[in-house]
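In order of appearance the chains are A, B, C and D, and numbering begins at 1 in each one.
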């Protein structure tokens, strides 16, 4: 069987976003685990300022999700909700998400690790036919989580990510095979 | 392969609950479609008044969910949230729900068809490892939906339930096979 | 006492947005009721495509909310969640919302009247210190709600809006007086 | 003016509930601050096992909320949602909550401090006309928070509770005066 493909979305476009470091760390770990192909999708690369440019801007995203077998979301919460730019990206497609698993990784500079984002996004993901896997992984106080070289200072995340990748791969394989029947 | 088993939970214990009629209608339709075995589970049959009796009271529920391949929830919303008695029933188990699909059918006497219950219950179902299928089916103004003999007056529900049963069966089969590997 | 000021936010920037008609109808009704000054704020007027322009773009919004005594939100739901452009607008400010009431009016082309948007936005509004008044007003099947001249075809909304304005004004007055003590 | 009255609800009935210690600590702190009269309401004291006994069982709760000027909720989350017994208690009344502020204090044995309960309960509280104040206070890893004598080991909670009581009292006074006009 062809290798699975599961991209990682970085869900904030803000200056100084701490989620960027987490997304790069997740990308590195996922590549080492080598269970599926992946790539980083940065919401910054999508221009959504003018509505007439929506469909044009979302084309690369459509191509990615059309061939994806699942999704990993790395995102902070803003005011206990989803970053608007992430919501716009997700809402720009429709049928491409169905019957594919999704893992949610929350990031925060405070203590709660984006846990409310991980709740708030569920109805949207399920409406689009995705399968959110449990549990989500929170990265609280993420600005202190890495050294100067981007190396993570807390070893426990390695195991958490490995569990997440295992569960996500399980669902991605099972659903890919079933979709193709 | 042994036939699938997917029970239907009636999620309210209140006097005069209109959801009871909907649950019986769903039970009848599901049996006619004959894609899986089913049975009605009434939250009223579980005594949860005293906490020391929780584990004893939830035993029959545990036996049902342990052999279930999925779940159908028929429930109203109370104050835009989940009926407490349904939440207690769900919370009384843990590992029995994992990797099984769940369909959510909302009921209301007003116009909104329990749509907020269908949102509010998602984090709990996903935490327990269930796979909520989309879309939920709302039954608004349900008190006017049946004649004296319990016959439904709106034919469109037959098709909606058939679609739901098809999607639920698809997930139940796929996940059962994968769980047993 | 100086007259209250409560702006109306149109929460979607999409082409063909049906919420625009609802927002204009609400604006007209609110002006006729004459309990407070108002103005329409269109999320389209805020360019949020590039993050370095965020703070510049949100200045007019900051000036509006700084002197506002409350807020009316008219918005659809996209995939059972908040439009991203509305979330970005709201997240672009911080202290300006505190201790001010907010009314939520949902719009949909389907039957559910944006009721899930009205739920999904609550944690964010409360985090910002706002007071969401109950109930929200849903405008389902809104594309059929107006004639060619923008006149509403369902008289019941007049009364619903009058009740909403009464409740919103009550809170706006009470909280304005208390804030100024 | 007669002293304000704001009861504290302990929202779980489970054996071994760690929230009980938090509730007693909050009761003690609130009494010391002496901004309003209070009392502890334990969901265990309400028998809700049989539905015909609902209205009878909820009478003491009705008397409490009818004269209350606000509410403090101390509760864990179960499976990222509200304990069912707390939901049943809240749903047993209707008009008694309107235009009264409510503070939400989450408790957990894990790291997240009941933060999802504090989200999940918002639509219900707002539907009932309450004013949830921000922010909620989380008590994570609460089983390690007290010594043998029930003395709290983390001094920072004293200040957090004082801020909460100040905000809650502000709203309770403002709304009481406005309700009585």
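Operating definition for what follows: a residue touches a chain if its C-beta (ideal position, glycine included) is under 8 Å from a C-beta of that chain, and two chains touch if they have at least 3 such contacts.
Quick caveat: nothing in here was measured; it's all calculated off a predicted structure.
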{"item": "A-C or A-D, whichever has more C-beta pairs in contact", "value": "A-C"}
{"item": "Relative to chain C, chain with the most remote C-alpha centre", "value": "B"}
{"item": "Chain centre separation (chain A, chain C; CA means) in Å", "value": "30"}
{"item": "Computed distance of Cα centres, chain D from chain A, in Å", "value": "35"}
{"item": "Sites on chain A at which at least two other chains make contact", "value": "80, 116, 119-120, 123, 126-128"}
{"item": "Contacting residues of chain A [partner chain C, same complex]", "value": "13-15, 44, 47-52, 54, 78-91, 116, 120-121, 123-124, 126-128"}
{"item": "Chain A residues within the chain B interface of the complex", "value": "119, 122-123, 126-129, 131-132, 134-135, 170, 174-175, 178"}
{"item": "Parts of chain C lying in touch with chain B, wherever the complex brings them together", "value": "80, 111-113, 115-116, 119-120, 138, 140"}
